[in-house]
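Structures given as structure tokens follow.
Shared between the two complexes below is subunit A, which has subunit B as its partner in the first and subunit C in the second.
Right, the complex of A and B next:
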């Protein structure tokens, strides 16, 4: 069942650009980009119970590193650019995560929220580098001799990177590291008594979460082709949190589904911008009341990662 | 093997332990008993690094434990269970036991993310070992069950399996018979004896169930209000008037 579904799903994703109009190809790229963020956020919040309302900040760092790097050093292959965007963001994640080790719950949420504002402020003020509020037109990405200019080409880049990152996350969560993160969420004292180094794993969760979000930010820059600070406001951070709550805290498949639901909903509601917060609020409240485990808790057994 | 010297700690003016000393020998089953609030769990919390005493020393095989963080103490070979159970509630019993093995598994973050063959081999072996431990505590059929949904007695046994997964040298059991019925307590006593006899573990046990204490321990220390009021073989302490008085006094209070 699992194998058949995976095979069919992969085939569909690979043929996607030949099956649907261009706009849907673009939209699917956004779904995958958001799924990568949701996975990263879930590793931090859902697995390790460290709430973040600042992931738009990490996303922005990744996007700007990728954009500025491609502007200044056009010869760098896109894969290297994305890895660098991820690593730079992971460093920022460490810089935020280590001082935040002592913070929990609401205090951590406030600190990450503030971080998100600081990043936007920094982008606006470092205009020699980021062009401030004018934004940056992101040059076409290159992979060897290939210019990834079309929506389909960008889609395949996003899909390839996304598949690798989903696979890595599934591996992490199925093995020692993922269990250590969950143990911290479930009982700090029992985790320590089992030999889990709390500070090390909390810090690791921050770095990995930031890495995922940074890579996704880089992909986002290439997919949309233009970035400016207002795209990374606090509402985006809230959207990311909504994705993992709706999808399911502590679930990788749930993260992907949650990202898809929110991204598509956002797209359908584009004409009703003003009602978006209201609708999202209702959906979130409904989800927390009636489906506390998120969509993942309602997905069939074979989609779950537990063997 | 474990030596506690002049241990004192107080919480907001209340002296929970006062100059407590005792020594546990290798391969011994050692019981720590006393009325409620005597300071038994506090001893465990100090030995495992959760509490910092105001005075005294704790040595394990000659090494000063007070200088070590809790996860390092665990890695030295000391595993424990908790009086009010601290199972990883939303995880399966199998995952609970696998986390107990955390320090012995090698797969780091990167190797895990890459899913190298060696990682899956290690996982498979760890899973088999964890299932064997679950069977050993009578939870063979509960491998996929959420730990939080188990009855208290089963959670207590799960904690023993989780502690054993670390292959400890010293096992600290905080009221392991709490929530167990008499038959289960018998099984537990056999398990603890077996751990010492077959595997050479040293066991430090806190327990109110006198049948268990009298039945399996080599030596007993009795605490009352944080002070040692008696120590010796189960027979000796059972005959000690000071012990009888401490228990009667506390039960009537």
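Right, the complex of A and C next:
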């Protein structure tokens, strides 16, 4: 059952650009980008119970590193650009993660929230590098001789990276590291008693989460083609948190579904103009009331990864 | 697995041979479909809603009730982008590719508009009258600028103040983005023509409301005229700060995009005596025939909505589109619309001075001088020249 579904799903994803209009290819790319962020955030929040309201900040760092790198050094292949975007963001994640070790719950949420504002402020003020509020038009990504200009090309890039990131996340959760993270979520004291180095793993979770979000930010810059500080406000961070809560904390399939739901809701609700925020809020409240464990808790058993 | 692949391939084949229709998108026998991404949430939500629903749509209701354009009714779709560029890109693509709109109308704000310019040009979709003042829209075949571009505003302001009124000492406080910087560059250039230069210029980051430090520094430079290149919040703050520190011997002058009623309301009595360039006749009090018609239409279709600058800007966009589509005739295509817009000569809307569109694709080229008296803008000069 599981294999058949996976096969059919992969075939559908691979053929997707030939099946649907361009706009849906673009939209699907955005869903995958958001899914990568949601997985990254879930590794942090779902596995080690550290809630972050600053992931728009990491997302922005990744997007700007990728954009500026492509502008300054057009010859760098896109894969290297994305890895660098991820690594740079992971460093920022470390820098934020270490001082945040002492913080928990609401205080951690506040610190990460502030981090999101700091990043936007930094982008606005480093205008020699980021062009400030005016934003950056992101050049086309190159993979060797290939220019990834069409929606389909960008989609395959996003899909390939997305698949790698999902596979990596599934593997992390199944290794010693993953079990250590889960142990921390269940009980920090018990985890420590079993020899889990709390500070090291919590910091690691921060860095890995930032890496995921940075890579996604880089992809976002290429898919949308234009970035400005306005794109990365605090509401984007809230959307990311909404994705993993709707999808299901600690679940990778849930992260993907949550990202899809939120991204498509935004697309669909744009037509309601002034009522958009109201409807969005009502739908989220509805989801929380009827599916408190997230969509993942209602998905068939075979979709759950072994833990 | 194999059956699945066969099905998918069969589907592909079917899709592959589906005929591409040669008809102009968004134009049928009975309808013209226009669309736009705009702010319905976020910092410019009020402007966005007024411009679209109570401006563009107001005029199209009048047109549709009068039988439409060559028998076609005009319909509009708007999507909310909340002033975010990525959502403007998504919305614009959805409008062009899914809804297949004929043209895009009154998108708002520099970041969302700039983010979509490249796409619009490659898709050859007319972008009509984007509501933002930076010159980035210049030289684009499919874009017709909506708001007066900053360098034209600057020329009118400097020629009036330095040319006619012989002021010599100028300074500026500006928002640190495309809007502010494009004005600053233009001021330097135009003052240079009069053999003058800016004595001081202080920047304000977007979203910041405390401008006391900047005002103190500018006061030290002793300018006769201080240009305010800001948005309503910080501009009102600048006026209040000036009042607080008792800085009297300076003339505060607001740029075109700033000169609106919202800014006056925020500043209260600190706005008294402020001057500025107005890009629109007063929507509430003007006796111009077009403005009177606008008020009558507003009273008829949306009696609860107060007349304001944003809805009149949208209403004017509706007038221009209708005039161009009328001239283009029954066979309306995107290129015939562009040609028809470019061919508008001495077009009289009754709201702005007669408009000739070619060769610069700009719909608003003039403004007039106003002074705030008893909380309202009073007209001081006739339309100023910007050529």
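In this text, the second predicted complex is superposed on the first by the 303 of 307 C-alpha atoms of A that agree within 3 Å, B and C clash if a C-alpha of one lies under 4 Å from a C-alpha of the other, contacts with A are read in each partner's own complex, and residues count from 1 in each chain.
Assume contacts are C-beta pairs under 8 Å (C-beta built on N, C-alpha and C of every residue); 3 or more make two chains touch, one makes a residue touch a chain.
As the structure is a computational prediction, the values presented were derived from the model and not from experiment.
On the A-aligned overlay, A:134 touches which partner chain: subunit B = first, subunit C = second, or both, or neither?
second
Touch test for A:4: subunit B only (first), subunit C only (second), both, or neither?
Second partner only.
Touch test for A:150: subunit B only (first), subunit C only (second), both, or neither?
neither
Counting only touches as set out at the top, which of subunit B and subunit C does A:125 meet: first, second, both, neither?
A:125 sits against subunit C, while subunit B stays out of touch.
Report for A:297: first if it touches subunit B alone, second if subunit C alone, otherwise both or neither.
neither
If you count the residues of subunit A that each partner touches, which comes out higher, subunit B or subunit C?
Ranking subunit B and subunit C by residues of subunit A touched puts C first.
For A:27 in the superposed arrangement: first (subunit B), second (subunit C), both or neither?
A:27: touches subunit C, not subunit B.
May I ask you to decide whether A:193 touches subunit B, subunit C, both, or neither, giving the answer as first, second, both or neither?
After superposing on A, A:193 lies in contact with subunit B but is clear of subunit C.
Could you pull out which subunit B residues touch subunit A in their complex?
48-50, 69-71, 74-75, 79-80, 82, 86-92, 95, 98-100, 102-103, 105, 107-109, 112-115, 119, 123, 144, 162-163, 166
How about subunit A: which of its residues touch subunit B in the complex?
167-169, 171-172, 174-180, 182-183, 186-187, 189-198, 204, 208, 250, 306
Provide the residue numbers of subunit C that touch subunit A in the complex, in ascending order.
1, 4-5, 8, 11-12, 15, 37, 40-41, 45, 49, 53, 77-81, 83-87, 89-91, 93-94, 97-98, 110-111, 114-115, 118-119, 176-178, 205-206
Taking the complex as given, what residues does subunit A use to touch subunit C?
Listed in rising order, the residues are 4, 7-8, 11-12, 15, 18-19, 21-23, 26-27, 30, 124-125, 127, 132-135, 137, 220, 224-228, 230-231, 233, 266-267, 269-274, 276-277.
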